[in-house]
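One chain, chain A, links the two complexes that follow: it is found with chain B in the first and with chain C in the second.
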Partner chain A sequence: MTCSKKKNMKVSNSKYGVILSFPGLLIIIALVIFPVGTLFVTSFLRYTSFPPIRFIGFRNYLYIFNDRLFWVALKNTTVYAAGVTFFTFVGGLVIALLLSKVSKGSGFLRSLSMFPWAVPLVISGFIWKWIFNPNVGIFSDFLMKLGLISKPLPVFSDPNLAMIGCIVADAWVRIPFMCIFTLAGLESIPTELYDAARVDGADCFDCFRHITLPLTKRMIFIGLLITSMFTFRTIDVIFSMTEGGPARATYVLGYYIIDQLWTRVNFGTGSAAGVVTLLLILSFAGFYVYLIFKKE
Partner chain B sequence: MRKKAAIAGIVTVIFALSSSVLAVGPQDIKWDKPVPMVERITAQGPVEVIPPEYDDYGVKISGKKGMLKGYILPEGWREATKGVDKLVLTNSGSLVHDPATVLNAKIFEKMTGIHLEIIEMKDPLLWPKQLSTLMAKSTDVDVFYNTRSMLEIPHLSAAGWAVPVDVLWTPEVQKFYPVKLLDAIKGIDGKFYGSPFCLWAMHLFYRPSWLAQAGVTVPLTWQDLVTASGKVDTWAKNTLGPGNSGMVYAAGDPDLIHQILGMLTYSQGKRLIKNGKFVIDPDTWKILTDLWLKGGMSDSSLEYLWSMAPEVFAKGKAGFTITGGVYMNMYRDPSFATGIQNDWDVTLSPGWEGIGNRAVAPAGNDSWTINPYISPAKKAAAMLWFDYQRSYQAQFNELYLEGNESVMSMVYEHPAVQAEVVNVDLRKATVAAQIGESYPPAMMEALDMVKEYLGKVVLEGMDPDKALKNLQAEIDMMM
Partner chain C sequence: MSTLFSRRNKKLKLKIRSIRKVIAFVLERPITSYILLIVVLFFMLSPIIFTAFTSFKTRAETFQWPPTYFPHKPTLQAYEEVIFRSPLPRHLLNSLIISLGTTGIVMLGGLFTAYGLSQYQYKGSGVVLLLFISTRIIPPISLLVPFYIIMSWFGLINTYTCLIILNTFLCYPLAVWMLKGFFDVFPKDLIDSAIVDGCSRTGAFLKIVVPVSAIGIAAVAIITFLWTWNEFLYAMIFTNTRNVQPVTVGAHYFVGDELVQWDSIAATAMFTAVPGLIFFSIAQKAIVKGLTAGAVKG
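This part shows the complex of A and B:
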């Protein structure tokens, strides 16, 4: 093939690539860029059930930053996201370490450990709501039979317990996801490193601290990033378990947005709250990505 | 070329004009024919055993009794609803618990040939789904179920998201319905936008054996209820275990918060709204918080929605509850009320010490509204459904078959109702005592605030007076 023919092929390949990318681009525009654009535009409007709709600048943003409930929701969201991420990390790491040591039946055990991931978060909320129910739930019944408590735990009428209950229900679903990431990292570590460390007198804890954690750090960070990003904006479990209560103990940003839209019927402030949530998540993610690539 | 363009233009104009002339809709229905509207909607038929062909929506109602005839269709309905064979409606909860809705829907279908496709939805989703549908100008749903008419209709009317139905509510027709009820279905412009489906009237249910063993009598005042529920709570926890309570109430539902605030305030002869603003009376707040702090109200009640508290009572876990009259029927069902058979009774809700005013409560009703984006023929069909649903026949079925309070007062005088519906006199007294007020648009948000501060007092130990001060300040800022 001559050089000129090769050059022609190069040009037509890239054009061909653009054409093939076009449907995907259309989908991204329709499902991401257009809705986010509409969100931004609406956040600058006075848009309620009472006409007219008009441009009001940053007034919606001023409203939510001066609203006590926004800060309550932000605080609860931070606690919730941190709690879920922590439990997800610990649970995922422990299960991944256990699975990496198992050889017989590992396929079956790995499939079993993935089961909670198949459960939608809303359903998880309903399942754990029944488990934690003080009157008929097995959790309190089990603890009372063990003699650890004398009366049922009021999970849904205690602000602290309600938050913990929601965190458990959410983390239960996300642990398998974290486990996959961690397991992938663990399986990429050469076994010779552990052999060499043992020869030098390292025990299990030393191996974990100096070999396992550093070499799986990147995968764990990515898993934590995705988990915390998703948890920051989720309300599925809270919607089915506590609906933001008791006394707004589990009232998160997602619920704040819902209230602006459905209770206040103010689409302008709801959109502004949505924009603020989006920017918070993006800045959070940006910080994480910086940490990951900085170490490289 | 010019000649062709001119002809095309003339044809287009003629077509547009003829389309508008030929378009059918509610204006084609002659509501006062063949007989005046009042006669059409108050006509009655015999009470019959429901035959199997009325079973539908997965609900078996055959074998029970209902009024299958009576209502008279207006003239012109066929022309007005031409081409409409189906209406899509939303419903609060499962139709298994709404046998009267099933019966009335089948009667309507048999009369008109219009099938009602009913979407069963959880209560918390009804309003968000309605807003989403209307904002998208979607025609997927024709008629919406509104559980909080007086809170939701102001928003709908202001935004043009409901169809006015004044033509159905002439002064002669209005006389057959409670005035306060009619206020609850009007928009901010004074027009009628909703059609009442049933009334929600609150009653005090209690366990006679629990009261006897706790050494208390049936409380007649709110102050007595605080004391009595406290004693029953102590007895129940000591005797039956920690999972039992003196009282349960659906305080997790802002609509039920609205009801109890109304009951406490109206029983003092006061009102919730002063000079267009929602003002919480200090004495009301004291009794409300005392029900938890000094009485026997369970902490879990702060999370119960409208149907949860009555269910907890039905399972025999509480001594008192305040809920709607529909439970007078449901508590007679041993498969539902497993814990209280032959040990429950009902009375009027309490009054205020030294004043009285038992049974007063906000005029709460569930109603329907019409999607303004559907075709004129579908609007006509929807209005025809409204016309039937508020009729004597349909309201008889609501009360007789299901136990929902009737929006048409004269239904309570029917001999079958008098003979077979439990506690008819009690129901009539409660419905007659209902009070209606016009609420400002931020009322929904304000009730959410009340729920929050009530939780802070009960669960976090906030001082009730401080809580009221902060709560009122936030409500004032909102309004």
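This part shows the complex of A and C:
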């Protein structure tokens, strides 16, 4: 102990900080900067399972931009991310609003509402695959019992329904996160504001529109950005639900990259597709980082 | 004509206002919130509930139409099958090894990094912090190919080490970000007085800061464990044998080309979701705090 004390006295506080964060820096360099560098370099190479490996400029990019499948994947990913974000937003907001109104037993109810977050996305895909299954699932049966439909919905053979099914399964896992995020925003609003509004004769709609919404706007917005960013790149649910089908209706960018790696075994085009995905998400993210740092 | 229209319009407005009053009155009762919340939560949790029920059905019952909501003759057949006649226990063990390994490395490195970034700022520590956040933004899927190339170089494809490294890449920046959130609000006087009393800086950190913020640290550890446990993409690409594949990949064992064994899938789903559900029941508050402090994961 005394030895380490002497040693510590020698280095200044700022140097001590550098020493402390050194392992983190090492990990960042080894696991982030190096692979990202490799990604950019490989995207300009002719790199398949057959030699030679050589520089071919932008030809990989040209290939994927001329690939019809890439555009299909991009379109599907956009629809998918937008759909999941929408469902997550609505679900998260509704549950957060209700939770904020409840006082007795709120801890227990909060735990319950968080449960889906703990379910792996792949498993969520399986669960919803069973629920939506037209032959054995309870979803069609439930709607038929309510008299809304006359025969089971063919969720996985209809392109649009398959997409909606995947969106629901994905959003289900993400709603709790959005919910706690919104709730954190709701709880930062001082109650005096509501009391004052009440005295002025405002009802709950007025309060929502003029107090709740403006004050939680930033929190909700960040939550939405995160959700859309994360949905833009997942394939877990789709992998266990539809595997990109039917007729590539749920074929997303992640699948496109995996196809480059597995089916075509072309590291060059795979990297190029990776770079494009990275740049697309960076444009979302720049906005997000800007919002975080604006606060500080 | 126009007066008739405006009168009608006025009537309509009055009607809307009175309807709005009624709805507002109903919505403002506390009991309404409870009822609505219970209905919404029922629908949110019904996938888990009915999966749990399905795991107790016989296989014949899972193929019935119309489907049953509750098992008629509850059995443990599916669990027996999953535990004794399938590779699932092996996958669960793999998941456990990978998750514990990742959590250990991430926490060990993350604690010091976060503390350094939070308490001992230096020239350029802001840039380092920005680097950490931007790491989270890189989509894991776009790094599939470079990681594949790098892992093949080192001959690490299909090993625990490979998955632990990749999961460290996924979790480390966020763990640092969340831990920094906890250390930022730590009372500085406490550290200073410990140092005045003759404690070294490292000693103050290990003896004072870590024990006091133990709950927050535990929350971050739990979150790291769960993310690693739930991770699928890298596990699927970088492993190909049962000896290494974690449970998220192994669950596909019950999905055949033509037949899906729904009862076994349901039992697998229960096993896979259990760690998360247990952690949540115990440490919900701490986890929520950690997530909102980090606020970077969807």
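As a working rule, the second predicted complex is superposed on the first by the 275 of 296 C-alpha atoms of A that agree within 3 Å, B and C clash if a C-alpha of one lies under 4 Å from a C-alpha of the other, contacts with A are read in each partner's own complex, and residues count from 1 in each chain.
We take it that contacts are C-beta pairs under 8 Å (C-beta built on N, C-alpha and C of every residue); 3 or more make two chains touch, one makes a residue touch a chain.
This structure is a prediction, so every number in the text was calculated from the model and none was measured.
Colleague: Have a look at where A:216 lands relative to chain B and chain C in the superposition and call it first, second, both or neither.
Modeller: In the superposition, A:216 contacts neither chain B nor chain C.
Colleague: Where does A:135 make contact in the superposed view: on chain B (first), on chain C (second), on both, or on neither?
Modeller: A:135 contacts both chain B and chain C.
Colleague: Check the contacts made with chain A and report whether chain B or chain C touches more of its residues.
Modeller: Greater contact footprint in residues on chain A: C.
Colleague: Per the contact definition in the header, classify A:248: touching chain B only (first), chain C only (second), both, or neither.
Modeller: Touch status of A:248: first partner only.
Colleague: Now for A:261: first (chain B), second (chain C), both, or neither, which partner does it touch?
Modeller: both
Colleague: Looking at the overlay, what does A:77 touch: chain B (first), chain C (second), both, or neither?
Modeller: A:77 sits against neither chain B nor chain C.
Colleague: Name the contact category of A:60: first (chain B only), second (chain C only), both, or neither.
Modeller: neither
Colleague: Which partner does A:182 reach: the first (chain B), the second (chain C), both, or neither?
Modeller: A:182: touches no partner chain.
Colleague: Give me the intersection of chain A's contacts with chain B and its contacts with chain C, in residue numbers.
Modeller: 135, 258, 261, 267
Colleague: So in the complex, which bits of chain B are touching chain A?
Modeller: 124, 127-128, 131, 135, 155-156, 158-161, 242-243, 252, 298-300, 302-303, 312, 317, 441-442, 444-445, 448, 451-456, 458-460, 474
Colleague: Report the residues of chain A in contact with chain C in the complex, numbered from low to high.
Modeller: Spelled out, the residues of chain A in touch with chain C are 1, 4-5, 8, 13-21, 23-25, 27-28, 31-32, 34-36, 38-39, 42, 91, 94-95, 98-99, 101-103, 107, 109-124, 126-131, 135-138, 141, 144, 172, 174-175, 177, 180-181, 184, 203-205, 222, 226-227, 229-236, 239-240, 253-254, 257-258, 260-261, 267, 270-271, 273-275, 277-278, 281-282, 285, 288-289, 292.
Colleague: In their shared complex, at which residues does chain C touch chain A?
Modeller: Those in contact with chain A are residues 20-21, 24, 27-28, 30, 33-34, 36-37, 40-41, 44-45, 47-48, 50-51, 54, 62-67, 69, 109-110, 112-117, 119-123, 125, 128, 130-135, 137-150, 165, 168-169, 172-173, 176, 198, 200-203, 226, 229-230, 232-233, 236-237, 248, 251-252, 255, 260, 262, 265-266, 268-269, 272-273, 275-277, 279-281, 284-285, 287-288, 291-292, 295-298.
Colleague: Residues of chain A touching chain B in their complex?
Modeller: Those residues of chain A that touch chain B are 49-51, 68, 134-135, 151-152, 154, 156-159, 242-243, 245-249, 258-259, 261-265, 267.
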